[in-house]
Amino acid sequence: MTLLYFQILANGLVLGGLYACIASGFSLVWGVLNVINILHGSFIVLGAYLAYFAYLKAGIHPFLSILIAIPAFFAIGYGLQRLMINRIIAAPVLLTLTLTFGLDLMLQNAMILAFTADFKKLVLDPPLGSIALGEVVMPVDRIAAMVLALALTGMLYLVLSRSRIGRAIVAVRMDREAAALMGVNVPRIYAVTFGLGVMMAGASGPLLAMIFPISPLGGPAYLGKAFVICVLGGLGSVPGAMIGGLVLGVVESFGALWFGPEHAITLSFTLLILMLLARPQGLLGRKGYE
Amino acid sequence: MSALLELAGVTRQFGGLRAVSDVTLSVAQGEVVGLIGPNGAGKTTLVNVITGVHPATTGSVRFAGVDITRLRPYQAARRGIARTFQIVQPFPGMTVLENVAAAAMFAGGLSYGEAARAEAMQHLRFVGLAEVADTSAAALTLAMRKRLEFAKGLAMRPKLLLLDEVNAGLNAAEVEQALELIRTIAARGVTVLIIEHLMKVVLSLCSRIVVLHHGELIAEGAPQAIIEDPRVIHAYLGKRYAKAQAGADG
Amino acid sequence: MKRDAWSAVVLFALVALLPLSGEAYWLRLGTTVLMYGVLAMSWNFIGGMAGYPSFAVAAFFGLGAYTGAVAQKYGVAVGFAWASAGLTALLFAALLGLALLRLRGHYFAIASLVVAEVLRELVNSMTELTGGGMGLNLPIPTMSSVDAQARFFFYAMLLLAAATFAAMLLTRYSKLGFGLRCIQQNESAADMLGVDTTLYKVSAFALSGVFVGVAGAVYASWVYYIEPPDVFDVLFSVKAIVMVLLGGAGSMFGPLVGAAAFLSLEELVWRNYLEVHTGVLGLLIVALVLFLPKGLLSLSQRLGQRAKMP
C-alpha cells in the first residue's frame, strides 16, 4: 500500500512541477498588473498545438519547440498588452475579466477553426519509455517535462530576482507609484510582464502536449488550475506558484485515487473556495490588491 | 457628569506591532478632549478600535455603560458614535445632499425619503454647504469636503463625535471656521474627542488633553499642564530638548 | 420612480402583444430575450447596485433548472416546481453570499465563477437524482397545441421579467437600494455610517439569485431536456454582464435593452456565421469593453446616480 502512495505522490509531484510552470506566468500577471488573464489557458493550448504540428510536419522535437515558443509568445503577450490590455489597466475587475474572456472566446474559436475540435495527441517516435526509481515507475516524458518546467520556472525566477527589468517588475508589483517615482517606465513594465506571462503559458504548451491530449477547448481546465495555484501560493510570487503547483499536483493525484479522476476538478475548486474563505493571501503570499 | 466612553486596558496588536498599548481612558459626557501625540503614536488606531474597525486585541471599550468592544462599525455608528476621517472619504458619485442623507438614514435612523432629505439640508445649512447640496461630492474643494464630513458626522445624531485631524490641509481662516463649528457642536451637548496636531486648536478647544506615544498613554490633564509636561516634550522633541528645557526652567 | 413604473407597464404591455404576430420564430426569440432580460436585471442587483462583480448567474440558473426539473420528475406541478426552484436559489444565494461576500474584487469574481463549476460536477455525479451526464428528461407539457405551448412559456417569461423589473424598481427607490449604492461607492465608509453591509450585500445577492433560479426552471420546462453543461454554462454569467454593459449605464431599462440588442446581434451572427459564432461573440465583448469606456467605467456610478431620492 505504501508503494502505491509513493507512486501517487511521485505522480503528483511531477504533475505539480508542470502545474507550477503554467501558473507562474499567470500569477505574475495577476500580481503585477492586477489583471486576470483568462486567455492564459488558451495560450497554453496554442503552444501545445504549435509543438504538435511542429513535430508532425517538421519533425521538430517538442523540447525544441519550447525555444521557438519563448520569443513568439513573449511577442504576442507584449503586443496584446500594449494594444488592448493597457487601455483598461486601471479599470474595475469586471471589465478586465470580461475583456480577457471575450478575447479568449475569439482565440478558442480561431483554434477550433484552424485545428478542428477533435483531440490530438503528440506521440513521440520513438517513445521515451519509462524508468524505475526503486519500485516507483515514471514515464520518462513526464520526468523530462517536469524538469524542463522547473527549468523554465527557475529561469523566470532568476529574471525577476537578478535582472534589472526583473527588479523593476517586482518594484511595480509592490508599489506602482513609488516605482514610477523611481523612474521605472510602468507601462513598459506592464507590457514586459504580460509578455512574460504569455511566454510562460506558450512555452509550457509543448511540455503539456507530450503528456495530455490537446483540444481547442482545453484552456479553461488549465486556467482553473492556475487559479487554484494562485490562491494556494499567493499572487505574483514564483516560489508561491511552485508551492501551489506541487500542492495541487499532489492533491489531484490523491484525489483521483480516492474519489476518482473525474472529480479532480471539483476537488481543486472546492479547495480553492475553502482557501479563499480561510486565507485569501495564500499559503505563502501577501494579500493581492483585491 | 457620567463617563460616556470608557477604555480599559485597550491594546491593539498588528502581528508583532503594538499600535495601541494598554490604554485606559475615560471621557465624560459633554467634554471636549484632545488626543495628541507624535506621528505614529496610535491615535487613529485608537479611534479605529473605538469605532469597531479594528477589534481590540485585549481590553474593553464601554460606551454609555454598554460593552461595545466586539461591535462592528455600523453597530457603533447606530449607537451614537460618529467619526470623521483624516483622509476625507465622501461617496464621490453621489451629491452632497445624498452623502449627508445617507448618514441621517443609516446611523441617524431616519427612513428613506423626505425626512432624511430635510434633516440633511438642515445640517448642510449648519456647516454652510447648503448652496452646493446638489453638486457631486467629488467636485468639492478640500475645505468643503471637511465640512461635508462634519455634516455627515452630525447627521448621524452622535452622542460622541470623534474628529480625526479635521484641520489638516486647511488654511488659517478655514481652521477658524472649523473651530467655530466644533465649539457650536460641543455647546449642543455632543461629546467630542479630537485628534489634532495644531496646538492652537487643542489649547483653545479642549478642556482636557490626552497624550499618546508609541501606542501608550503617557500623560493626561489640563492643556497648560500637558504642554509643560517633560514627558510630552520628550515625546515630541526628544530627550535632550526635554532635559534642556527642564534645565532652563529648573 | 413613477415614470419608470409607467414606462415599464407600457413596455411590457406592448411586448405582451407579440404572440398576435402568429410567428413561432418571433415568439421563441421573444421568450429568449425575456429570459436573458431576467438574468441581466438580476445581475444588476449585485453587480450594478452593490458593485460586486458576480459571475454566479450560471450557478443560480443551473440550480434552478435542476431543482425545477427534478421536482417535475417527481410529479410536482409545473407552477410549484418553478416556485421551489426560486426558493432554492434564494436560500442558496443567501448562504453562498454569507460566505463569499467577505471577498472583494477578483477573489469574489473567481469564487462566484467557480461555484457554477462545482455545482455542475455535483449534479453530474448525482446520477440517480439528476441523470448525471446523460441529462434529464422532463415531462413534456400537455397543451392544446404547439402554439399554445409557445405562448404559455412566452407569458411565463414575460411575467417573470415583469416581476424582476418590479423588484429592481422597488429596491432602487428604497433604503436597501440606497444602502447598496453607498456600499458600491465606498464600503468601509458605508459601514462607518451605519449601513449593515453584510445584510444588504447578502440581500442583493439573494435577489440576484431568486429570479434567475425561476428562469432556469422555466427554461428547463420549456426545452424539456437538460444536461449539466447546458445549464451551468459560464456564458450565462458573462452574457448577463455584457448585456447590462451594452444596454448602457444609468437606466432601469438598460438590462432589458441590452438583452434585446445583444440577442438580436447574436441571432444575426448565429444564422449567418455559425462557425465563428463564439468568436464574434468574443469580438463583440472586446469591442464593448474597449470602445465604450466612459459608459462602462462609470457603469456602477451612473447606475447609482439615477437612484435619486424621491
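By letter and in written order, the chains are A, B and C; residue numbering begins at 1 in each of them.
Quick note on the criterion: contacts are C-beta pairs under 8 Å (C-beta built on N, C-alpha and C of every residue); 3 or more make two chains touch, one makes a residue touch a chain.
What you see is a predicted model; the values in this text were computed from it and never measured.
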{"item": "Touch-based graph of the chains, sorted into line, ring, star, complete or other", "value": "line"}
{"item": "Relative to subunit C, chain with the most remote C-alpha centre", "value": "B"}
{"item": "Among all chain pairs, the one with the most C-beta contacts", "value": "A-C"}
{"item": "Intercentroid distance (Cα basis), subunit B paired with subunit A, Å", "value": "49"}
{"item": "Intercentroid distance (Cα basis), subunit C paired with subunit B, Å", "value": "44"}
{"item": "Mean-CA-position distance for subunit C and subunit A (Å)", "value": "32"}
{"item": "Multi-chain contact residues (two or more partners), subunit C", "value": "300"}
{"item": "Residue ranges of subunit C in contact with subunit A within the complex", "value": "47, 53, 55, 99-100, 102-107, 109-111, 114-115, 117-118, 121-122, 125, 238, 241-242, 245, 275-279, 281-286, 288-290, 293, 296-297, 299-300"}
{"item": "Parts of subunit B lying in touch with subunit C, wherever the complex brings them together", "value": "51, 53, 72-74, 77-78, 83, 85, 89-94, 98, 101-103, 105-108, 111-114, 116-117, 152, 156"}
{"item": "Touching residues on subunit A, where the partner in the complex is subunit C", "value": "30, 34, 36, 84, 87-88, 91-95, 97-99, 101-110, 113, 224, 227, 231, 262-263, 265-266, 269-270, 272-273, 276-277, 280, 288-290"}
{"item": "Contact set on subunit C toward subunit B in their complex", "value": "173-175, 178-179, 181-182, 185-186, 188-197, 298, 300-302, 304-305, 309-310"}
